[in-house]
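The data blocks that follow each hold one structure.
One chain, subunit A, links the two complexes that follow: it is found with subunit B in the first and with subunit C in the second.
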Partner chain A sequence: MFFDYLMNGLGLGAIFAFIALGYTMVYGIIKLINFAHGEFFMVGAYVGYFCLRDLDIERVGLPQPLPILLDFFVALWAASLVAGLLAVLTERVAYRPVRKAGRIAALLTAVGVSLLLQNIAVQVWGANPRSFPDPRVFHALDDLEGEAQANYYADREFTTTQGETVTEAVLLISQGDVLDATKRASIEDQGFDEVYERVTLSPKSVQYFVILALIGWTPILWFLVKRTRMGKAMRAASEDADAARLMGININLVVALTFFVGAFVAGVGGVAYIATYGKVEPMLGFLPGLKAFVAAVIGGIGSIPGAIIGGLILGVAEAIIPFVLQEVFGWEEAFAWKDAIAFAFLIVVLVVKPTGLLGKPMREKV
Partner chain B sequence: MSDVLFSTHAVTKRYGGLTAVSKVSLELHPGELVGLIGPNGAGKTTLFNLITGADTVSEGTVTFRGEDVTELKDYERAGLGMARTFQNIRLWPDMSALDNVQTVYQGPRGNNGFGAILRLPGFKRSERRIRDDSMKLLERMDLAEHADMRSVDLPYGEQRKLEICRALALEPKLLLLDEPAAGMNPTEKTDLMHTVEQLRQEFDLTILVIEHDMKFVMGICERIYVLDHGEEIAHGKPDEIKQDPKVIEAYLGGAE
Partner chain C sequence: MLRTLRSLLPLLALALALPLVTACGGDEVKNDGTLRVGVVLPMTGAQATYGEESWNGIKLAQSDLESAGLPTVRVGGEDVPLKLNLILRDEVSKKQQAADNAKSLIEGEQVHVLLGSVASSHTKAIFKEAKESEVPCISPASTNDTLTVQGGPYTSRICFKDGFQGAVLARFSLDQGWKKAAIVVDKAQDYSVGLAENYEKTFKAGGGNASMHYYVTEDTDFSNVVQNVANDNPDVIFISGYYAQAGPMIKQAKDKWAGKPIIGGDGLDSPELIGLVGDTNAEIYLTSHFAADAPDEQVQNFAKRYKERFGKSPGAMAALGYDVLGVLLDAVKRAEDPFDPESLAKAIRETKNVKGITGTISLDNEERTPVKDAVIVKVAGGLKFHKLIPAGGS
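And then the complex of A and B:
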């Protein structure tokens, strides 16, 4: 029980970490709190949603679990690339022109971009939440012999009152049913030519996936920042951008790439989020985005390991603290208070350690 | 034209009503070591900023290697081989001495991007070359033993030397030194003087140096420009400058 909550927390924390990385990298380099970063995450989640819904790699007929892995592989890349490119575009169009106008102007621009992207998402994709479709693996009808090993579905298209064509999955055979001649005939009578087995990707397996993904990404980012030329240029730009320019470093390019990388990993978080929580909506970026920002602050904003640790700590705190309050102290409503608890936790951390866990104290010029 | 490496023509910088630099024309020939002096607030550092592109000129042109660079961005000018040090040290404090140098080396060698990750063998090779060359530079300036120290932890004089090191990593043609000897003791100053002269030979540099220490400037500069209130008031050989009444007046204060 406790372990389940811990895993919930780590899975959620890993998602926070993926988003927090972008906040912290961008802040590290241009001292901007990019409030639109949550929206890059949201757009990544939508792109992942469309990939998983519409790709239908399953129809190719590869053996399981290849199709589902391929689905996620494509969804992750697409979500990350689109989020990354959107971030580069945003930086170019909205942030670069105001970069010299001071931090307040840049901050307000970021808030504006955030609202703009949310509203564009409402117009383009509708305000209603969409639930994440389960990945499917198709089987020809003939393949079904005897007792069903899983739930088997078929597609049925219908038109909603708003004129939207929706594909609905119809349950034909549930697990353990026997597919006898009558049943087979009734299915054929209904005109279904394709029956598929629904592979439910449990939130639990997604949690393992997202934690593994974070473990995989950490050394990549470390290598990127510590070992590559671009990473060194990023660090130089974050420590003294003017000096970096005069030493031949193209800051605009460095900033654009920082935005790209930050939003790229947020895209990973977006796909993980919909796979865990099962829905997308235009306001998706708000609360996870805000909490990821909190995670970045807890870890010490500007610090990449800080963002990862801060994310995990916040995720675990959000899952474990209400659990303890409920189980140990008998407070029934503890889980309803989890967001308040997360932000209270931020305040406690900042009171104890104002620079965050791994943040550097501000150097003062004497 | 070909024997002028660098020149400014009637460069002017105005901030609102204040003219910080007024119609200054400099000309540097390849291999020269030229001084730029003047009382505090004379506009020397502003002129450096205009030369390097850190600030934009209000009027006038800057020419480097036969090309009008007035419209070029600071990092583009740096890429053409124009490197500088700063009056108040501007190293990247949390990066190691070696990384300070390596980060700059990668610029002129091009290939400054994520493509580096994909082409691993070539990347490793060029990375090793950059590392080796950076170490050589650090050795040249007697900083090799501090290569892995954070630059902010280096002693002050070593930080000044590291800044020169970093500037050399740009493989510059023109090196602009902004008060390189500031805050150094007399022995360190003399050492630095010799080092600067030697570096000019070794790296085939043309050097423009701002310095308040007259012994330093008179000791190594072949020619000197004197600025006061943003204007060039004198220009010539060290001996001529020493005698120039306008210079003496600017430094000691005239009857106003």
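And then the complex of A and C:
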């Protein structure tokens, strides 16, 4: 039982970690708390949503479950790339002009960008939550026989009296129904020769996937920062931006790349998030973004391993602390208070260790 | 600097006073027989399908009533044909916005009557404004027990309340032989908390055993609540909340609640529920006001026409939206002066035997809440009629 809660915590924590990485990388280089980062995550989630909904890769004709995997692969890449490019664009348009104007100005710009992106998302995609598009697996009606193994649907189009064309999914065969000649004939009479099943992924498998993805990404990021020329430039810029520029490092390029990588990883988190929690909406970046920021602070802002550890700790704390309060102290409502608990946890960590777990103590320059 | 500010002060005072003057001036507008109806609904946000369906229902009712011919009303000693002016405001699924909308409709648009909203917490906020300004207000779909009692004599609703709904759900559970229930409650919603208490009361009185589990509306991660419920190993899981949370919760519980029946109240009645839940073998039942495929000629006729116009099968909120305008028009016909709030409120309170899509509606002076039938709906690739529960009984 404890293990189940731990896994839930790790699954959530891995998503926090994906977002926290971007916060921490950007902070490490230009000392900017990029509040719009949660919105890059949200945009990534939307891009993933549209890919999964509209690409219909399932129809290419590969054997299962390859198409579903391919579907997610494309969605993840598209989400990450778009989120990354948006971050680069935002940096160029909004942050670079104020980079010299001091940290408060940059911080306020970041808050503004965050609100702007949220509102653009509301205008473009609407404020209504959309449910996660489960992958659809198509079958020719002739291929199906005997007792149905799943629910089978087909889409029907019709026009309303207002002249709108509407698509509706019709449940043709329920799981357990026997597909006999009469049933087959009645479906064919309605004009369908193909049906599909909706594959709702098991939440547990998505959880494992997110944790594995984080484990996979960690060495990639480590390699990028520690073993490449660009990583060396990033570290140099974070140490002392002016000195790095004098050494011939293109600071603008380094900053843009940092934004790109941070948002790229957040895009992965965005798709994982909607796959895990089942819906996508314009405000979806806000709370996870805030919590990821908390995670970055807990881990020590500016430190990449700190962001990963901070994310996982926060996720686990959100699951385990209420669990303990509930099981040991008999507080039934503990889980309704998990957000408050997460932020209380931040305060405790900061009181005990103000620089976060892996943060370097910062000396004030006089 | 200070001096310029000081010289600007009178201007500022004037600017502040101006809206007051114009607001008072609104009273003078001569009435030409137009009844201004303010409608507050969640058109966007987490409860958007409620708003969309209710508003579609209201619009369909308006076209039906208008094509049947609206009655004449007496204005200043003259008979003039009644005109309906529906003014819709989106409460964006937020309580504070619902209150602000009600206020602006009452003070700015000078509406004669308010309709709305769906979520009980939000309707409470609207009723509070209606009570203060003494403007009649009817909720199409809010079921919380204390709603109209707190709202006072100007407020009413046309749906059953949770005292009834909770008891129906509890009896249904007991009839199915489910003795141990896990109740999942949204701490932040009056509807959710009230319905859960009503369920628990009847369920325990009938020999059942219930445990409570909590979440809040803002949650998206339900994995731990799901785990808590699974640990209890209940016979049935009752989600007392709204579809926007219940849907993802059921999806996240796909493995852990496998084989357990799930029940819910009318808050789960949304066309969006199926998409949010995903493909599931779970047995899901919910109580509601209406089912589009119920074996009733009037219902089927409504469902057919609704679908032809809006392209979707109607849910309970659509039918209640349709009925709320019917009830209002019936009251307008009977009221001595429909443009006088007190007279209109009195006529609404005296509503008797209005035939609607969701049943026969009669209001009373005590709670201004009808006693109506409920239906049990089964979720299977869509919302399917399962069973009718007659009013008063179960």
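The rule we apply is simple: the second predicted complex is superposed on the first by the 350 of 366 C-alpha atoms of A that agree within 3 Å, B and C clash if a C-alpha of one lies under 4 Å from a C-alpha of the other, contacts with A are read in each partner's own complex, and residues count from 1 in each chain.
We adopt the following convention: contacts are C-beta pairs under 8 Å (C-beta built on N, C-alpha and C of every residue); 3 or more make two chains touch, one makes a residue touch a chain.
What you see is a predicted model, and the numbers here were worked out from it, not measured in a lab.
Once the two complexes are overlaid on the shared chain, A:Asp240 sits against subunit B while remaining clear of subunit C.
In the superposition on chain A, contact of A:Pro203 is made with subunit C only, not with subunit B. By the touch criterion defined above, A:Tyr277 lies against subunit C but remains apart from subunit B after alignment on the C-alpha atoms of chain A.
By the touch criterion defined above, A:Pro305 reaches neither subunit B nor subunit C. Touch criterion met: A:Arg229 reaches subunit B, while subunit C stays clear of it. Which of subunit B and subunit C touches more residues of subunit A is settled by the count: it is C. With both structures placed on the common chain, the touch criterion links A:Asn250 to subunit B but leaves subunit C unconnected. In the superposition on chain A, the residues of subunit A contacted by subunit B and by subunit C do not overlap at all. Every residue of subunit C that touches subunit A in the complex is listed here, in rising order: 44-46, 48, 92, 187, 212-216, 218, 220-225, 227-228, 231, 244, 247-248, 251-255, 272, 275-276, 278-281, 307-312, 380-382. For subunit B in complex with subunit A, the touching residues are 52-54, 73-75, 78-79, 83-84, 86, 90-95, 99-100, 102-104, 106-108, 111-114, 116-117, 166-167, 169-170. Of all the residues in subunit A, the ones that touch subunit B in their complex are 223-224, 228-230, 232-233, 235-236, 239-240, 242-251, 253, 257, 360, 363. Those residues of subunit A lying in contact with subunit C across their complex are 1, 4-5, 8, 11-12, 126-132, 134, 150-151, 153, 158, 160-162, 164, 166, 168, 171, 174-175, 197-200, 202-204, 207, 276-279, 281, 284, 287, 318-319, 322-323, 326, 332-333, 335-336, 338-339.
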